[in-house]
Amino acid sequence: MIKAGIVGATGYTGVELLRLLARHSQVEVTVITSRAEAGVKVADIYPSLRGHIDLAFTEPDINTLGACDVVFFATPHGVAQNLMPALMKTPARIIDLSADFRIRDVPVWEKWYGQAHGAPELVNQAVYGLPEVNREKIRTAKLIACPGCYPTATQLGFLPLIENNLVDPGRLISNAASGASGAGRQGKIDVLLTEISDSFKAYGVAGHRHLPEIEQGLGDVQPAGANPISLTFVPHLLPIIRGIHATLYATALDVKNLPDLQQLYEQRYANEPFVDVLPAGVLPQTRTVKGSNICRIAVLRPQDKDTIVVLSIIDNLTKGASGQAVQNMNIMFGFDEKEGLDIVALLP
Amino acid sequence: MIKAGIVGATGYTGVELLRLLARHSQVEVTVITSRAEAGVKVADIYPSLRGHIDLAFTEPDINTLGACDVVFFATPHGVAQNLMPALMKTPARIIDLSADFRIRDVPVWEKWYGQAHGAPELVNQAVYGLPEVNREKIRTAKLIACPGCYPTATQLGFLPLIENNLVDPGRLISNAASGASGAGRQGKIDVLLTEISDSFKAYGVAGHRHLPEIEQGLGDVQPAGANPISLTFVPHLLPIIRGIHATLYATALDVKNLPDLQQLYEQRYANEPFVDVLPAGVLPQTRTVKGSNICRIAVLRPQDKDTIVVLSIIDNLTKGASGQAVQNMNIMFGFDEKEGLDIVALLP
Amino acid sequence: MIKAGIVGATGYTGVELLRLLARHSQVEVTVITSRAEAGVKVADIYPSLRGHIDLAFTEPDINTLGACDVVFFATPHGVAQNLMPALMKTPARIIDLSADFRIRDVPVWEKWYGQAHGAPELVNQAVYGLPEVNREKIRTAKLIACPGCYPTATQLGFLPLIENNLVDPGRLISNAASGASGAGRQGKIDVLLTEISDSFKAYGVAGHRHLPEIEQGLGDVQPAGANPISLTFVPHLLPIIRGIHATLYATALDVKNLPDLQQLYEQRYANEPFVDVLPAGVLPQTRTVKGSNICRIAVLRPQDKDTIVVLSIIDNLTKGASGQAVQNMNIMFGFDEKEGLDIVALLP
Amino acid sequence: MIKAGIVGATGYTGVELLRLLARHSQVEVTVITSRAEAGVKVADIYPSLRGHIDLAFTEPDINTLGACDVVFFATPHGVAQNLMPALMKTPARIIDLSADFRIRDVPVWEKWYGQAHGAPELVNQAVYGLPEVNREKIRTAKLIACPGCYPTATQLGFLPLIENNLVDPGRLISNAASGASGAGRQGKIDVLLTEISDSFKAYGVAGHRHLPEIEQGLGDVQPAGANPISLTFVPHLLPIIRGIHATLYATALDVKNLPDLQQLYEQRYANEPFVDVLPAGVLPQTRTVKGSNICRIAVLRPQDKDTIVVLSIIDNLTKGASGQAVQNMNIMFGFDEKEGLDIVALLP
């Protein structure tokens, strides 16, 4: 059993981490920090954890966290980077679910996140925690930057096309929609049930922070000589709690010589425990991954035009955040990659 | 055309008032106040009003409000009572949608609302604006205290039984459920979509502020000599935007001599434009009154036991608040009582 | 007052027509037909109409329908075409909300709808009822083919770009999402609340019947010499009752010489009573048109790339079906185009 | 590992059983029958099971079923009773989730279920599978009649009061609300998202089949000499997928000598693994048991009146059906009672 600490577990990625770790056979959660809720029992805020987690929140403390084998950050961006310099000197390995260490180009990060970076010297030590791309680097990483939810769904959907340079990288479109838990657990009018439950809207069309992350990730897997990635990314807000659905569009570079796309996708993900390429003709529904770490993908080329459509779904809190964090931990510590994550989605 | 002012129209009862008044043939809204949003166009906060209301919010000002024929308060409790002493000296007639003037017993109000009353001397000048009980007094009232949402549904459901002393007044139960708009438009975690959209709960079971209001209202219609009203009131939160469903239980005092309940209810409400007693065997659904000012009622006595069950539904923002306010205004100014309120519910 | 008949009013477009016509000052609904429900009161199926519509369903009869001034078909496709030859010989003018007469190329219709057309000789007599394009033809039309819901939102969104040949017509994308009322009122497992309320999915990606309708409509407004329209259309199912949100993508043909898109859209729709181009920077939400006949549009070019993004929303039952039908009727009979449709959306 | 068969697993209780058994360490599902879907892979109907269950549906066959250690019936009422006479002769032990063997009084069953009973001679061999009452009898039972969803929530809520004869048994009220999965997975108009998602209603007020089941169950635990149980039961339909919330009302027989209710409930359920009495002042929310087998209970006496209010929640598909079935199986086969059921609810 390894010991795990969680910084900032009052939000939705925090409670999701606790749900997953509570049933993990090789991890014991020993510290859960929250400045705001120090002293309060975790199960008093999340009654679903009554009988499963008996800990109370404590003030964050480097010594206590540094004594853990692994520390998760389930904090808003800007928090992890402040604790990181001290924590990197301890033996703990770190999995940051926030955006602090995802972007390698520090000025780009600072532009999109609107603040100076608190630990720019550590950015290059972080491994981007998308196992389907970086599994080997994850094994030995000291610091993992866990991918965002939209970036996970979008990258897994585009990967086979980009790795094989089959589509125009300069005209990618990700039309994505997320459940409201992606907005976090904060008292904001624009995510009240009364404001969004019987509605649908796009947001952040002018520019969303996940855009540079996706472009960086797809650029990393291009073959040499490919043209640069340019993505149009339009996120939407769904009146559901969990789930991301990315509808991806790409233009085939050479439609006459395209390989069989179904086969391409099935082969690319044949050994991936958490990517499920659906049979030809079957389209994914977000409810089939609710609470599970699976990404389900369908690929089509409607009416044999040169526009390829990829549908890619995840649970934003699981494969899009906390499940992926546990998957990274499993890889880092040599556990079975599916340990604690072999969950049947809650359907209906 | 009369001139109407609205104080505090940034909340849901405010926008509902605007929706209704925008189509009322005899009212022009001339002032809409909000300290927080002064200078902002109403339609910028509520895009549904683009093309219908061209006003901007202004700071509340007694002179401007006092120059209106009617002033609506769509404010949280505690606000109207502070402006009321000054406003009562102007020619304006006032319809207060808040709880400030509903309870005649000032100490009771102060106990349940947890604050000193700001204008106790005016409480007895207020007419409780339930037209089905107080229509005549409303005609000439200077100040209307509009009933709360739960009290409207509960009182209309119990009225025929209480007026005729047919049930034990000491053991009434109102098991009611409200859509989330009843909680207002404030950034609170406990009404986020993520917290309540796939859930159901009771709240305020130990004591809800609408309890004394209902008990007072039912007491007012008892025949002389009846025992005092005692109600157990359990409200619940529904994962819908609009709608109140009250399931009422009462014990027949003399089950062998009960009149035909269906007939009793139909006769009591035969001339009420906004109370619809459903045919025997038909049960109400809140969606059938969405956006309309109707209260739909069914009355049953299951298995011929002595427990009478009444189902009473309204739209909490319409008959439960703003629609009832407009109905009061129509009565006060001698308009057709249905003017501006002859709306088909939005179904589906 | 003109007399109106409705064929097949048991579905959602039927009840929506009744909601709108019930408040129209110049129309009296005199006939409502349904084979399945003949003899049943309309208000017994739709309790929201209690007190507003006192008619019962009757068997469809050409003589009765032909005696109306206007007959609406709110039927599934394939029904109107069978009654049409007889009805066209009566004085009644006809507004068909179904797909029967939308596609001018009969073999194309037969391919996509999978059946022989029952009245191919009448197809060319039908006017496609999109007032923003065909207002003049509508005035004198005997038979209107009312546009589909997705086609309305998509065409209104693309019109200014296509009319001015500003984008590549061969690479249009409509990524659209509809509320579940678009699937009609039939007992099908795949639209149960339990199947779709906490989920999101694409459907019909391989080919949806609205695709040829949209391509035909956009082709009709192209300037001479433009390349043919080719659209990739991906519809999705939203867990809401009403609303369509179309997110449209087009590639600028000459990004350096693009006109100001905001100005282009505002001018194009300046005189349209039911198209509202939002101020720059404001994005539409479907709830702002719930129950109203408005189409709200925003146009953007994110990060100054050459991909133009248009967001276009409607209520699928109103501007996407029954509201548009009433708008057509108003034009045909010389009424004010907004009569009966000047509705504030139900928000929240 | 024991072998399990499931009859009729195409419905929601069937897929819930599969979700639970897929992670149970001591059970292997070897047969899943469905006449309608014979030959179809289970995961093709329920994609959430892809990678977890590789079986296909087969025609029901007594020999195959009889070779299992345990057979579950997840069928509509009326089915199990026809297969039961043959199956009782095999070595298999049987857990029937349907209503067929819940009511000991056969004429009562036949009256409420509107059909002749197909195996009346077996009714008395069935043990009512509510572990909190019948744990010892369940251990050795050949045939378990699993309780209904409303009866589970209602009985667990009332038990401590009835066992101790603290309330008037002749005036019990259960005002309960269920998620739509309780209506099953059938294509019926009245459970479409469009019909119920933004609405709330009571149903079955005149008489619901769970009424005699609850009255029988509560009667079984009364002390000698208590008056007969008489319940008013009003179920409501919630616009959520899973969850039952029962709000129970009872009148204290002797309010001055009532024991401490909080303590009474805590002691009654101290050793129950799946009943969680909440701390005083905390009220249950259905989301805290979503996907888990827990029943959460709060007990209050508002305003110190003599009406006791109990709030009792479960997930209707888990503790209200399939989870309770697995709990029964664990008891029957001597497994840890929590095996396969130690689940953290999916929150948010």
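By letter and in written order, the chains are A, B, C and D; residue numbering begins at 1 in each of them.
Following the convention adopted for this analysis, contacts are C-beta pairs under 8 Å (C-beta built on N, C-alpha and C of every residue); 3 or more make two chains touch, one makes a residue touch a chain.
Going by UniProt, the chains are A, B, C, D = N-acetyl-gamma-glutamyl-phosphate reductase.
What you are looking at is a predicted structure, and each value in this text was computed from that prediction instead of being measured.
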item: Pair joined by more contacting C-beta pairs (A-B or A-D); value: A-D
item: Chain whose Cα centroid lies at the greatest distance from that of chain B; value: A
item: Inter-centroid spacing, chain D versus chain B (mean Cα positions, whole Å); value: 39
item: Centre-of-Cα separation between chain B and chain A, whole angstrom; value: 46
item: Between chain A and chain D, centroid-to-centroid distance (C-alpha), Å; value: 37
item: In chain D, residues with contacts to at least two other chains; value: 12, 181, 185, 194-195, 197-198, 239-242, 284-285, 287, 290, 348
item: Complex contact set, residues of chain A against chain D; value: 12, 15, 18-19, 22-23, 46-52, 181, 185, 198, 241-242, 276, 278, 282, 284-285, 287-292, 294, 296, 317, 342-348
item: Of chain A, residues touching chain B in the complex; value: 12, 179-181, 183, 185-189, 191-198, 239-241
item: Parts of chain B lying in touch with chain D, wherever the complex brings them together; value: 171, 173, 175, 177, 194-195, 197-203, 205-207, 211, 230, 232-234, 236, 238-243, 245, 247, 249, 251, 281, 283-287, 290, 298, 300, 302-303, 305, 307, 309, 311, 348
